[in-house]
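A, B, C and D label the chains in the order they appear, each numbered from 1.
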Amino acid sequence: MINIGVIGYGYWGPNIVRNIMETEGASVSVVCDKNEEAYQHLKKLHPAVKCVVDAEQVFIDDHLDAIAIITPVSSHYALARRALESGKHLFVEKPFTKTSQQAKTLIKLAREKGLLIMVDHTFVFTGAVKEIKQIIDSGGIGELSYYDSTRVNLGLFQHDVNVIWDLGPHDFSIMDYIVPLKPLALSAHGISHYEREDEDIAYVTIYFEEKFIAHFSFNWLSPVKIRDVMIGGTTKKILWNDLAIDEKIKIYDKSVHFGKVSAEQRCELLVDYRVNGMYSPKIPQAEALASEFAYFVECIENSRTPFNDGEAGLRVVQLLEATDRSIKNGGELVNL
Amino acid sequence: MINIGVIGYGYWGPNIVRNIMETEGASVSVVCDKNEEAYQHLKKLHPAVKCVVDAEQVFIDDHLDAIAIITPVSSHYALARRALESGKHLFVEKPFTKTSQQAKTLIKLAREKGLLIMVDHTFVFTGAVKEIKQIIDSGGIGELSYYDSTRVNLGLFQHDVNVIWDLGPHDFSIMDYIVPLKPLALSAHGISHYEREDEDIAYVTIYFEEKFIAHFSFNWLSPVKIRDVMIGGTTKKILWNDLAIDEKIKIYDKSVHFGKVSAEQRCELLVDYRVNGMYSPKIPQAEALASEFAYFVECIENSRTPFNDGEAGLRVVQLLEATDRSIKNGGELVNL
Amino acid sequence: MINIGVIGYGYWGPNIVRNIMETEGASVSVVCDKNEEAYQHLKKLHPAVKCVVDAEQVFIDDHLDAIAIITPVSSHYALARRALESGKHLFVEKPFTKTSQQAKTLIKLAREKGLLIMVDHTFVFTGAVKEIKQIIDSGGIGELSYYDSTRVNLGLFQHDVNVIWDLGPHDFSIMDYIVPLKPLALSAHGISHYEREDEDIAYVTIYFEEKFIAHFSFNWLSPVKIRDVMIGGTTKKILWNDLAIDEKIKIYDKSVHFGKVSAEQRCELLVDYRVNGMYSPKIPQAEALASEFAYFVECIENSRTPFNDGEAGLRVVQLLEATDRSIKNGGELVNL
Amino acid sequence: MINIGVIGYGYWGPNIVRNIMETEGASVSVVCDKNEEAYQHLKKLHPAVKCVVDAEQVFIDDHLDAIAIITPVSSHYALARRALESGKHLFVEKPFTKTSQQAKTLIKLAREKGLLIMVDHTFVFTGAVKEIKQIIDSGGIGELSYYDSTRVNLGLFQHDVNVIWDLGPHDFSIMDYIVPLKPLALSAHGISHYEREDEDIAYVTIYFEEKFIAHFSFNWLSPVKIRDVMIGGTTKKILWNDLAIDEKIKIYDKSVHFGKVSAEQRCELLVDYRVNGMYSPKIPQAEALASEFAYFVECIENSRTPFNDGEAGLRVVQLLEATDRSIKNGGELVNL
């Protein structure tokens, strides 16, 4: 039985605690939060779980195998460091850290201590993302051409974080998981409409090796909620609408081919459009967090390195850092 | 009766000829095209119209009041210049010219000759765009915050023109018509996936005065056709789906307001989200080209300057030129 | 504090218990179910609630003010009768009873005992249905013309109940709540595709006074889930898609008017189609069951008769009974 | 070259004439209409076609091989009879005739004269219907279970014809073409909301052999236009949305299977739901009328009997007649 202490019981914490409790081989024995309301809510739902207000009480608890840190990103580094120093495996909310330097320090510390780090890139445990990865890995859409993501909605404005740091960790971690190519450089644009510095609308373009391009649209001022990703390959294309009740994923058998053109015919474009049907696979419905914690337990018990480890967390933080730099320099291309 | 000669009877030419023929007070008496098939098609549909293969026969025709140039952009300047020199009013396909210098020369020439230039920004004559302009001009969505456009589909790859020059003139001319603010600078990103230089996917961001931002997504490799524009205002937002059969335009009564925060409360975000209903106005269904040619006739007869004149054409060409410069310099911000 | 005993803790029971527990002024002190698994589930979520296997223990419990019966319809009458006889207010799952005679007996018994009956017509407590009723009651769509409902999905086949008795209570109770007109006669058609007698596809037409017509489509063999209701009025029409995330309700300002035609013009149809915009109001999102139990408490405390009382339950059962009779006689029109 | 005379140049006539003119091997040499406006319109588009006001001039024209009758249904019989008597093949608008007796007389006459009758069931020539027929004929959805059709919109109210006679010929002819089973009996319900007798909303249920059921929803008072057909088979289901721009047809790999249940387990429903993905085939886009006239020419030249012959027309008229009888008797089941 993996015994887990949870630090932070705000918006996302209750989901974390409930899912760990429902995971076979895992249990939450202590939760830390300074908020009185959180304390009451926890007592009602999980009367057997101990509540503390001082995180140190979690770190020194010898019965714990792992600590889950579900707090705002600004506090991640200090808490995660203490967790690792106290010999506990680490589960940490996304984004992993505020800076890539912090991430590297934590990765090194965990390696020295023989501890595991898992970053909560929840989306990569959804049925939809797993299905897409499997299709792409098996060559189902040919060679990759582009990744085009739109994640927009009204609010919720975050304090001290812009729209990229709020919404981007989802998309960057999904793309990092799905796309097996190396990003080379990034450009970001954005604007803030209110008397605050943090952008509420932003666009990010990432250039990859092999002529692959990724683009992300983030917007806190959209009247509608959109969660669309389009992924192009040389033979097929994928459309993923995460808000669709059914048919979340559609695979289009459509492609473009260029013929060889002789010198004399140079003024003619020999383009061949192949347009066939569309297939929408059945996506198993399972709560991603449940799958993620089963995997967390499995990795700890078998001393396996999870794919959403500190390195994956670091790669996402590096992209976020690069967007900061680019956006401050008018969209300047930042090498990765 | 405004007598019009048409040069170019390819993909778009037949629509032009048909619409002029159906316009009260206008008529086509001569069409120029070198293609034998075009000739046959024209003879069948419009047996009374004269067909010529040499454009010069159109320019010297004393019975013509105006000449419509419906050819690829590379030939616009030379043909338009001859048309103006020969004393004819000018209707020219979009984009106006290949370079802003050419556009300026034509504008100057027309002014000297007392002739009218109309650039075929067809979309600004649709019921949807007219409705949106009216809503915005009357303050219906408050102060403008953003313009976010997606125009993607599979193909059609154009020869010697990238996806921005192909699809962008539509969106830039719509935005230019709707948005009463001044663009300051532009950044463009794109990539070409085939053995040709012209980009098949591209993204353009335009910064305006008054914290207004515009963004455009162009893609010739999309499996689906999308024609979406989202326009944000401080009080309401507009969603325009031009492919919707009904309810092309939706106006959302949703907005975000920030409260005043005292120094002590700085760590609290006082955000107020106002979320009310959505209204979709009835859009009159009328062919845009018919409306455009009625306006063309009206402007000639009353010596009025059309809003889609050479200056409007020039502004669109300046944006296109700027995307070329930016895209060649890795998305560099280009001042407008 | 209204103290409630719950009989039946299967598919729907847990929602009932959770919602009562979250209702101010109400509490569940005892739950009866014979199933061991239900027992475990209840203990985990509500450790303070007493579990019994014999319903009689609930009936004789003097601390209870009311009893909620959440069992299959075949057991409703016997259990409800005992609940009323033991002096408890009654909350009962829909459909109220198997026969209208049973319903009448229970209504009479409750009246004699001064007890309240509430039938769980949950849908009439949703934001969407409340909004629709308010629009119609305020004359917002003119005089009513028709009600057209589609409720289809794949399965779930019910044991000993056909598709009308499974899905119909939702729609009949909604229509009964919304439509202020008197139904006159009913016709039902259906078919069973498997080796069982109960229909898996059925259609019901109800004729009302004032030329109002209602039609219901039920289907357990549909590949997709549909929850659509269209309501026509003389001036406007409502479209309610209960599966839409946003814009569940759309109100169309469209209508048809006939002109007066003189004898000579009889061959001419003077029809005037008024087609204006569409409005989609904001629907408050609240759990219907929570609202229903708050109302249950309010009705008990203030000795008020709920609108979803035994009479409302009876009217729904009468429609269900009539569909049985009609379907067995080849769709014969059954007077109501 | 098949020379065709067209009688009736109203709403649908121009499409007929244009499509015949574009059909290889066919031509229109004369059109008959009493309306002056129709005459002008025809002269402008087809200057070489002769216009007459007296239908007799068409019948006696020795140069004609066939006559197309594109007039209201009330005039079909008399005109079609004269056409056949004058030795011309017959193309006639749907519905074939006002009564099945008229249809039988025409069929007999044509057989005696060795002439061909084709009824304009245009929809069976669309890519979507052809695709569906091919899927079903090849066993692609298993044995047929149901056909559920919705054809609703605002207006257009027809003079002297109810909504079934207006919209039903489309759906009855499609179903007749697709479904290889024999209809046994029919029930129809409907209502008229205005001071006219003809129903503006109607529902039709048809019982077939082999437990197959079909249902049709017709409505002239709907605020939205819907063209949906759902076809159920034992292994798969088809959803056809004729208004969809792409993905008109979706084939769902979903089915329900019942297990064998022993006597003791009778209270348990052993239902197995198989739920897999969805496939949407590419539908070739071609104008149905063009395909229909090519087939008309082919049938005449090769003396073949078209599948949309007088017998097909008769079967549709028989269904329409049965709806009249049923609707007048309160939805009484009418044997077919």
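Simple rule for what comes next: a residue touches a chain if its C-beta (ideal position, glycine included) is under 8 Å from a C-beta of that chain, and two chains touch if they have at least 3 such contacts.
These figures come from a predicted structure and were not determined experimentally.
In summary, the interface at A-D recurs among the listed pairs A-C, B-C or A-B; the equivalent pair, sharing over half of its contacts by residue number, is B-C.
For chain pairs B-D and C-D, the one joined by more C-beta pairs in contact is C-D.
Distance between chain centres (mean CA atoms), chain C to chain D: 39 Å.
In this assembly, the C-alpha centroid of chain B lies 53 Å from the C-alpha centroid of chain C. Spacing of chain B relative to chain D, judged by their CA centroids, is 42 angstrom.
The residues of chain C that reach two or more other chains are 224, 246, 275, 278, listed in rising order. Taken together, the chain B residues at the contact with chain A in this complex read 145-146, 148, 154-159, 185, 187, 189-196, 201, 203, 205, 207, 211, 213, 215, 217, 219-224, 230, 232, 236-237, 239, 252, 254, 256, 258, 267-269, 271, 273, 275, 278, 330-333. If you check the complex, the residues on chain B that touch chain C are 246-247, 275-282. Chain D meets chain B in the complex at residues 47, 224-225, 243, 245-246.
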